[in-house]
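A, B, C and D are the chain letters, set down in written order, and residue numbers restart from 1 in every chain.
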Amino acid sequence: MEQVIANGLYLGAQYALIALGLTLIFALMNVLNFAHGQMYVLGGFVVYEVYGLMKLPFVVALIAAAATLAVLGAVLERFLFRTVIRRSEREESTMLLAAGVAYFLDAAILLIFGEKQRGVRKIVNGVFMWDNLILPWDRILVAGLAIAFIVAFILMMQYTKPGRAMRAMAQDRTAAQLMGVPVAFYGLVGFALGAMLAGLVGGLLVTITGVNSGIGGPISIKAFMMVMIGGAGVVGGAIAGGFILGMLESVGLTVLHSYGDVTYLVIFIAMMIFLAIRPNGLMGKPWG
Amino acid sequence: MTNSRRAGSVAAVAVFLAAVFVAIPLAIAATGRTDLYYTLSSVALLAIASGGVWLTFYIGRINIGQGAWALVGGYASAVLVTTYGWSFWLSLPVAGLFCALMSMLVGLPILRLRGVYFSMVTLVLTEVARLTALALPITNGARGITSIPTPGAIRLFGVTLVPGFETFANRNAPFYFLSAAMMTLCFAGLWRLVHSRLGRLFAAMRQNEELASSMGVNVPLLRVVAYAISSFLGGIGGAIFVAIAQSIYPSSFTINDSVNFMLNCFLGGLGFVFGPMLGTLVLYFGWDLLFQTGQYQLLIYSGVMILLMLVLPNGLLSLRWPSRGRP
Amino acid sequence: MTSHSTVRAGLFGLASLIALAAAAPADAANPVLKVGFVGVTSGPAAAWGTSNVRSMQTLAEWWNSQGGVKIGDKTYDIDVVTFDDQKDPKRAIAGMEKMAQEGIHYVVGPNVDDGAAAVRPVAEKAGIIYFPYAFPKELYTKPASNAVLGMVASYQSGPAIYKYLKEKKGVKSVAFVAANESDPLSQRDSGVAAAKALGLTVVADKDTYQNDTRDFTPVLTPIVKLNPDLLVLSGVAPANAPLLIRSARELGFKGLISTETAQDAKVLEEGAGELANGFISVGGASTPAIRSKAMEEFIARYTKKFGEYNDESNTKVYALQYIIDTLKADPKAIDSVDEFKKTIDGFSAANPYLKDESAKLHYVGDTSFGQKRQLAVPLVVNEYKDGKFETLFVANVD
Amino acid sequence: MTAPILTVRDLTKRYGGLTAVNEVSFDVQEGEILSVIGPNGAGKSTIFKLISSFVKPTRGEVRFRGEVISGLAPHVVARKGVVRTFQETTIFKGMTARDSVIVAHHLRSQASLAGFFFGTVAARRDEDAFARSADEILEFLGLDAVGNELASNLPQGHLRALGIAIGLAADPKILLLDEPFAGMNVDETRQAVERVRAVRDRGVTCLLVEHDMAAVMKISDRIVVINFGVKIAEGTPEAIRADDKVIEAYLGVEDETIGL
């Protein structure tokens, strides 16, 4: 059982970080970013190139991934999303744009990096063993880094000026604007930050799970589920959703092991029932 | 409606019918491009399913779960035809009704959700449908149902109304006419629905559910009704597709399809009943047209999609009627 | 205005892309023989179709550069027409319709069960022989007659592998894990049946994972606890194999791991490193130990053209070779699928990809399907070791 | 005195540990204008939602002509003749004023929804009747000039009137008005007061929840005063004006709104 809980916590840490970027963009812009998974994949490939092929230190690769995605996020916001949000009658229209961007990134990544699964050398070797518990050190390190990033993100949102501005914006965009928050600028910053988080976690996980050009879509959908459980647009919700899904998978796969085929069916149906009872997830903001 | 507008509408309908049932078949016969029959049948069937999604948009719900009902409809028809030996023609409406009924049960709890929560729960619903199809014995699990016979003849009092599809030299032609006829029927119904009192109530609900209920509208019931109609359309589309493919697998309709149905609505324009039809035509046919571009196909396709969104963020049909906001 | 100039720049880029793509092959000295491909070259399963398309393109380019292929008294240039079905059976039908429209009679693909079943009505009506990489027996047994299985099926390789492992490595218990999708689940079911038939104890036959799983530790934790002698990764995608192996080994799994599908050594090396040592898979049909000079040249050309070789192409090179060689044996088959079907039964030609000069290309499948609807490719069972596959044994189907 | 049209008994609503409304009871007589007033945060809007059944009470009940309506779905309550209005932000943004009022005639339809779909005789008769009735209501409330404007383009004063028009279209026996005078200047308030009187004169009982003491004093037949979720007074405007508890409650908050 210790192993199951450890697995769940480890999965939860990485899921929470994946969900964080998605929920941030949703909170600030009301955009459901279908391209989140593709951004994750791109982050993974940047680390593959820099750490795996160019043999530079892992930290450098991670910074490169974060920077690449931040720039990409900013460009997407400035030249695509901002225009469409301004000109469309219904803000959901950004979904088509986001899906288009997702397909575009999918195609571009496939053309640039090829169709194969890629992996890099381990960042640390060895396995931590204690009683029945087996955890490779690199997983522990990755989970630790993920949690560190989450904490850093929360601290930034709580105590820095941009953080406070973005929180105000997430609560009430018009009010924030009246209070003098430059919402256009912080929309850009938020989008860049959300994309950066996706790239960061993609880059982090390439050391464990590798990366391939096709997994963007599935990752996005998984991220949607976490956000849905925790509640959309709330940082705490994303983190809770990530950990809950991680636990759910870990415990579900073990408990329902003998029923095998239906494990995910049960998890998904449970999720639907949960949402029917709590229509805004665990702690989400209601929809406009 | 003024007389000139009425005349205009009648002319538009006549042109549409002539194009679909006369001009296109003639053009195909002249050019020999019989492959277009299938492509256009697909467009028609996907448009039917997208029309359902559009209706849920119309009551203010972003539905990314239509793939589930297409799959359920497809399986319902396939099981009735293969296991119980029903005629395809009977199985088609039954499949649609089965979807409508099931969607009422599912819709009752989930339609309380709004915005992204509804979208995501329907997204999960698609996956639930796929996993259920994999797990159930009646759907034959992972092996799917194959070798489904093509639709037979319809005979009434010894008169053959529709000949069996196996008797046609080109099997795609009868499917094209079936799909196009169903699409015409479904969209005519949808158009009438939206322009009848029910449609106005739906529009009222989309804009404000509380206000609508304050004037005595049974909002939960109407939501379920709209969703059931939507799922009915999904089921019909799925069932005919299965008849064309003569096979169905749990992966015949997936999350990708659900997302595409939604995108068709966005691209055509949410404010227009015929939006999903045009959206499906452009998105589906566009992919086909680009097939010569080989490895760049997806890149170009998505690039065009992004450009269209930039230029016409309110859908293709907003080009003609700039921001009138009326269906 | 910025948004306008963006649009214009985008349109320009697009136009140039289309022009680039349209400026395709054909210096029309020879008549062109078109061969089709309908399969998946984008999305999560892109690797499967891509290795098909690239083998076909490499081979066609090679032949065309030598002046074309001589079929009967004419010499043809080979043109490969590809269609990406996005792993969607509905698109696969459209693709097959396109092939029929282009007058193509020989199509490689689709790559998965649902697509292969969906295109069957079109192919039969339009007179197309297609070569799926999908295992459902209905596709190849009567009354179906237009599909030819392009590789060794899991229900053929599975028993051979388990038998070998039972006899040589003392395997007694076996556990299965598969993605919860049609193809892997079907392959798992046939694997379980084969293992039971051999008298092995099946300790886990229901564990599945979602296609979005990136970390397999939770999936494998309960299985590793059962401590089977052999862990079978049924129908595992090449991308997932190293991840599963790594998770199992890191959880302390000491037994053997095997799969019935072809894998890529580079992917295993990058994804699992030395943890993948000892992993048993069905290798591409022309592994280093048995391959000929011609195969080596093919690999060299492939690598030069696309930057990197894919070991799956060891098998996938065969389909086009078979098509052309069968047409050479019976030139009338170029326009007549019925001729092709007649020729299949007695067809035999030299296998250019194997060192062993007595090796022949011929069609098999009588045992599994009751008719010859499968390409005979060597069943090569490999063991991965330090970035390379080492051949354990070679067998033949039928 | 006839039996009251609406009776409120021991109405209580708790949110977690917080009691928003505590054991409030009062009656509404047929044909009167009754106002529920109280300082900000007194629980007025909760009472309003409880009566219109948008919120279920923790305890207690609301009866309409002797029949319990609390706990029923809002649309069922509306069907019985208890109709609420919203403040001006709650409208059908994409519809014209006239269309909004026509749609609001839903409860009066004789034809079924299927009948409307197929355009039966009954349905067409309904459509004509609704259009005529809507025009009458719009004129009655002075909205006939702006009937074809999009609701979202109307100024605030017109939106208030539109809210009442939508309420009237549902053919209410008792109309619940949610702060009909909030945010209005003296002149607008005077017009609004006239409007409410006219509605009552059509035979519709009016229950107001309001903050603006001056207007309430002018218009109401009787007043119920709430503070901290508890009823502290009930009576005619004169009686309320003289009530010490009321003065105290209001002085504690903001004295200029009392209008004394």
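Here, contacts are C-beta pairs under 8 Å (C-beta built on N, C-alpha and C of every residue); 3 or more make two chains touch, one makes a residue touch a chain.
This is a predicted model, so every value here is computed, not measured.
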### Task
Could you name all chains that are in contact with chain A and with chain B at the same time?
C
### Message
Give me the step distance from chain A to chain C, shortest route via touching chains only.
### Response
1
### Task
Give the chain pair, either B-D or B-C, that is connected by more C-beta contacts.
B-C
### Message
Using only Cα atoms to place each chain's centre, name the chain farthest from chain C.
### Response
D
### Summary
Between the Cα centroids of chain A and chain D the separation in whole angstrom comes to 47
### Query
When the centre of a chain is set as the mean of its C-alpha atoms, what distance in Å lies between chain C and chain D?
71
### Query
How big is the gap, in whole Å, between where the Cα atoms of chain B centre and where those of chain C centre?
34
### Centroid spacing, where centroids are CA-atom means, of chain B and chain D in whole angstrom
43
#### Entry: Overlap residues in chain A, where contacts from two or more other chains coincide
83, 106-107, 110, 217, 221, 261, 264
### Message
Where in chain B do residues touch at least two different other chains?
### Response
131, 134, 256, 295-299, 303, 306, 310, 325
#### Entry: For chain C, residues that touch 2 or more chains besides their own
3, 6, 41-42, 180, 185
### Message
Can you work out from the touch definition every pair of chains that touches here?
### Response
A-B, A-C, B-C, B-D
### Message
Looking at the complex, which residues from chain B come into contact with chain A?
### Response
62, 109-110, 112-117, 119-121, 123-125, 127-128, 131-132, 134-135, 255-256, 259, 262-263, 266-267, 270-271, 295-299, 301-303, 305-306, 309-310, 313-315, 323, 325
### Query
So in the complex, which bits of chain C are touching chain A?
2-3, 6, 41-47, 50, 180, 185, 204-208, 210-212, 214-215, 217-219, 221-223, 238-240, 242-243, 250-252, 264, 266-267, 270-273, 307-308, 310
#### Entry: Of chain C, residues touching chain B in the complex
3, 6-7, 10-11, 13-14, 17-18, 20-22, 24, 41-42, 82-84, 86-91, 93-95, 97-98, 100-101, 112-114, 117-118, 120-122, 125, 136, 138, 180-183, 185-186, 189
### Task
Going by the contact rule at the top, pick out the chain A residues touching chain B in the complex.
26, 32, 34, 80, 83-84, 87-90, 92-93, 95-97, 99-104, 106-108, 110-111, 217, 221, 224-225, 227-228, 232, 261-262, 264-265, 268-269, 271-273, 275-276, 279-281, 284, 286-288
### Task
Under the touch definition given earlier, write down the residues of chain A that touch chain C in their complex.
3-4, 7-8, 10-11, 14, 52, 79, 83, 106-107, 110, 114-122, 127, 134, 136, 139, 205, 208-210, 212-215, 217-219, 221-222, 249-250, 253-254, 257-261, 263-264
